[in-house]
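Shared between the two complexes below is chain A, which pairs with chain B and chain C, respectively.
Presenting the complex of A and B:
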């Protein structure tokens, strides 16, 4: 594989202005720090092509990328304006293309070093976000830079923690456990008593078609402002996915295996515990995974309709009204990380519990 | 061996079937799966049910196992109804596929019926070890079914059926999905097992060679409606058999008679 030629657009940087000082365009040789960063990137670009061992190209390339991403932040620190500095943005673009090449090499590394790829990609995305929002002076109300969001974590840390505690620990976990357990129990019952399944399934379709913003205000009226109403919304949202998945799982045992249990004169409960529930496990975990994201959405939306003055949904709605978008984004970040962690935890448990399933098997 | 036959006739039959008929009601017309079956199976017999697909051989075995209900006629297993026999765990059933539980190790698959019967743990493990040794799978206890070949999986399922020591072993084309070399090997193991354990076996197959090699009696069946065409006694062949026996004139003669019976059954349709 020959190296991609695109990072060579770096060579065009000196032709365009690198920054502006009170409307006055400045070129590369007029700003020492810009010249330094340019030379570092250029040296890295030239140097990496001369290294034979591919894996050793990566650190050199990353130095070139770092110089390209650091420069706009350094210039902003010195009070220059960047929005019309074509040369600078060309430099950032060249650095991004060089990163692309580096990520291609990282992907070829063996595990676990290739896990560096996603991490670098995420980091680069944050850097570009920071550089572009600040360089083009995007209003904070539209999109704050990551550094602003990080700042909100420090300035509003205590609030964010109380919100997390109220929404996740008090509402989501309780509602999730009640909803999933109820869905599971009713599915077992409906499997035993077929007319119950026939009656409940259409009702389930109906309930899952009702939007959460329709149920939430009603639940707040019924169960009050605190976590009970949020848990109730979550129970309504999670009950039917769990029930439908459990029912499908209970039906997934093969006829031959059921006959086998019958030939052992095994009764209903033994067949349930020894055969049908283990076979249903992949379905149960599907329900649990779907519900893990539904539960968080349900709690946050429900908090829009009334809550004690704490909670992630409450925080988002009030801080939006106060144009305090840094805090809103920080809350969104907490929600995203929590949701992913919740899902990941269940996926991990699934891997552990159903290691025998064809999708996970190792010989 | 007339003396031995007399002794067999004297003991009560393990399976006794009189005028058994089974009809399925389908949307357009009834299907006659089994029609007027009469069959007596004695202790120590190895009976093969042979016939083309759809002749009701599997259905007949499922009736004996109480997995299917007859429309009319009388069936007794160990002198009682099939249901009572099933509840007393009178038979072990080996299916067409191994039907092992992938979440259980080989050992725990074999101990599954013993667990249901409520045997203590040491007894369960001891029996599993013994049965796995008998089918030539010692040392594979901790493996999982999906780590074994098809032939090994089917041997595990035979060990599982033998584990709770039933007097009657029902086998529904257990080697049907396996290649011929594995099949020959398992047939040989099965005759040895049968001689060692003295179980009564009922074996469904559509391989003539397999039926003649294994059986003391062969039941030839024909489809639509499923009925018994011929019952062939194989007592001319020695009880202890090796693969070479297939070259002997007795073997050829019996195989020929089975083939003729099967052809006769087919001429109705053509």
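Presenting the complex of A and C:
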């Protein structure tokens, strides 16, 4: 099994200072905790080279990585300065390279276990973010460390919950349901009246190239500051993607299948419900997924143009002005998790509803 | 010819006409209450005729009519010299510049990521899921903050806006290109092997050309997205320049006609950029012996 030589830069760590105490450079042997972590990483690096079995190699590598990432946090906890500690950053770099090797091995694992790869990657990204922002003393105004953002969750929990409720539960869900339902209904109508479809489709394609989000100030002017204006923006944004996808889906039933339905003497509605809508499901879900992200964006951007004093867009714009970046990032985290969860839920529903579709069949 | 006309032009024309009609009716309906108030206060007798003319010519209408928007578009482009801050074309130029720079950065990033993901398995399995997750995050919503942060570090003007455009633009390009780079015909790949072509030769002579149609399709999506990104990024710059700033000042001062003009302009800009990409696509596919 070939091994990447790059993590071996770990061997150069003792040459450089590992930390600084009031301007005085300290070396590895002067800081016991650093020496310990270094030895753990070194042992892991040597050990993983000797182990043949992949399932044992990965955990050993990860122990080495963990020691590399934990050390700067431990040193910071003891009050050392790290910004000029070349040895320490070399150690972190070696740990990252070792992680890269481990990720390569994880990628070759069979299906359920290899999901560990993205999880480890994300975790490592968070750790690096924490270590680098705190180690190099990046001003909190620029980029707070993840721990600071987590702290904002506790100190501003109630506010964040009200914002979530205002933006997601009141604006996004209502707008999303109305917009998708309207797009779906108009598509069914347009499918019955081809003249309408031929007129609406170019319009829909046009709408996808046009920054629809720009109607936000107009909607705020028409429907006021509360959730109605946000829902209106979302309705306009989600209408056309849903309509286009539904129309495409309704056309996706095969001629043979339609002929079969005819030979069964099935009428329009039976054909629609028993054949055409089921075959349109993948397209419908595609529209729903696209719209899930659009809806959240629409609500938050519309809130920049005016809201009652609650809502995620409002929180972001006011806390930026007050330089409270912790809260801003916490709000962004809420938005990110909400967006991903929304998308994930629809994807899950899609899996259940269209399990028959070729793209989900096991190879 | 007539068949084509009946099938495509007529429905679109009827639909467009219907929209204009609904627009005028909507202007009557939405502007109606204010007009009625104003006419009642003036104390004179008034009938349908006065009501309609008033509703269609208000200075700050709730919904301006299409002709008001068209007139505003024309005057805002001609009443001041092109480089002037009050000229709409100047703002369009600012937005177009940032959007194009962002699209260019997005293309570079998108191509680099796609090439990396196609060639490195570790990158595919660990990075790709995060790229997809990154797009479920409403980045547009945090765009203003990125502008402010970059402004604090000392980047102001074009670059923060371009950065947001880049974030929106790179994803469709990466996804499209990954698919495109893998779409090379296996027979052709075997042929390259019989020529004992190196990896980079296969890339430049076979994979990249066969990925071009995918690249251009994604590029059209990416360019449209980058215009949206730029406009939203301009919102927090507080009315300096750009179509987004125009939207914001319009909404602050209740200048609805100005908002609509900026909106129409942004649509025109976006469609122009998409059309330019389409033209470039035709040029390039023709140069490559254009199968399409």
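Assume the second predicted complex is superposed on the first by the 344 of 363 C-alpha atoms of A that agree within 3 Å, B and C clash if a C-alpha of one lies under 4 Å from a C-alpha of the other, contacts with A are read in each partner's own complex, and residues count from 1 in each chain.
To be clear about the criterion, a contact is a pair of C-beta atoms (placed from the backbone, for glycine too) under 8 Å apart; a residue touches a chain by one contact, two chains touch by 3 or more.
Just so it is clear, the model here is predicted, and its values are computed rather than measured.
Undergrad: Check the contacts made with chain A and report whether chain B or chain C touches more of its residues.
TA: Comparing touch counts on chain A for chain B and chain C gives C.
Undergrad: Per the contact definition in the header, classify A:58: touching chain B only (first), chain C only (second), both, or neither.
TA: neither
Undergrad: If we overlay the two complexes on their shared chain A, which of chain B and chain C does A:100 touch? Say first, second, both or neither.
TA: After superposition on chain A, A:100 lies in contact with chain C alone.
Undergrad: Considering only touches as defined above, state whether A:222 meets chain B (first), chain C (second), both or neither.
TA: The second partner, chain C, only.
Undergrad: With the two structures laid over each other on chain A, which partner does A:211 touch: chain B (first), chain C (second), both, or neither?
TA: second
Undergrad: Taking the superposition on A as described, I'd like to know which of chain B and chain C A:320 touches: first, second, both or neither.
TA: second
Undergrad: Pick one for A:260: touches chain B only (first), chain C only (second), both, or neither.
TA: The answer is first: A:260 touches chain B but not chain C.
Undergrad: Based on the superposed arrangement, let me know which partner A:118 touches: chain B (first), chain C (second), both, or neither?
TA: The second partner, chain C, only.
Undergrad: List the residues on chain A that touch chain C in their complex, please.
TA: 100, 103-104, 106-108, 114, 117-118, 120-122, 125, 141-143, 195-200, 202-203, 206, 208-211, 213-215, 217-218, 220-222, 292-293, 296-297, 300-301, 304-306, 312-313, 316-317, 320, 325, 328, 332, 335-336, 339-340, 342-343
Undergrad: Per the contact definition, I'd like the list of chain A residues that touch chain B in the complex.
TA: 254, 256-257, 259-266, 270, 274-275, 278, 281, 354, 356-358, 361, 363
Undergrad: Could you list, by residue number, the parts of chain B that touch chain A in their complex?
TA: Going through chain B, the ones touching chain A are 65-67, 86-89, 91-93, 95-97, 99, 101-103, 112-113, 115-117, 144, 146-147, 164.
Undergrad: Write out the stretch or stretches of chain C touching chain A in their complex.
TA: Contact set of chain C toward chain A: 7-8, 11-12, 14-15, 30, 62-63, 121-122, 124-127, 129-130, 133, 135-138, 140-142, 144-145, 148-149, 152-153, 220, 224, 227-228, 231-232, 235-236, 243, 247-248, 250-251, 254, 256, 259-260, 262-263, 266-267, 270-271, 274.
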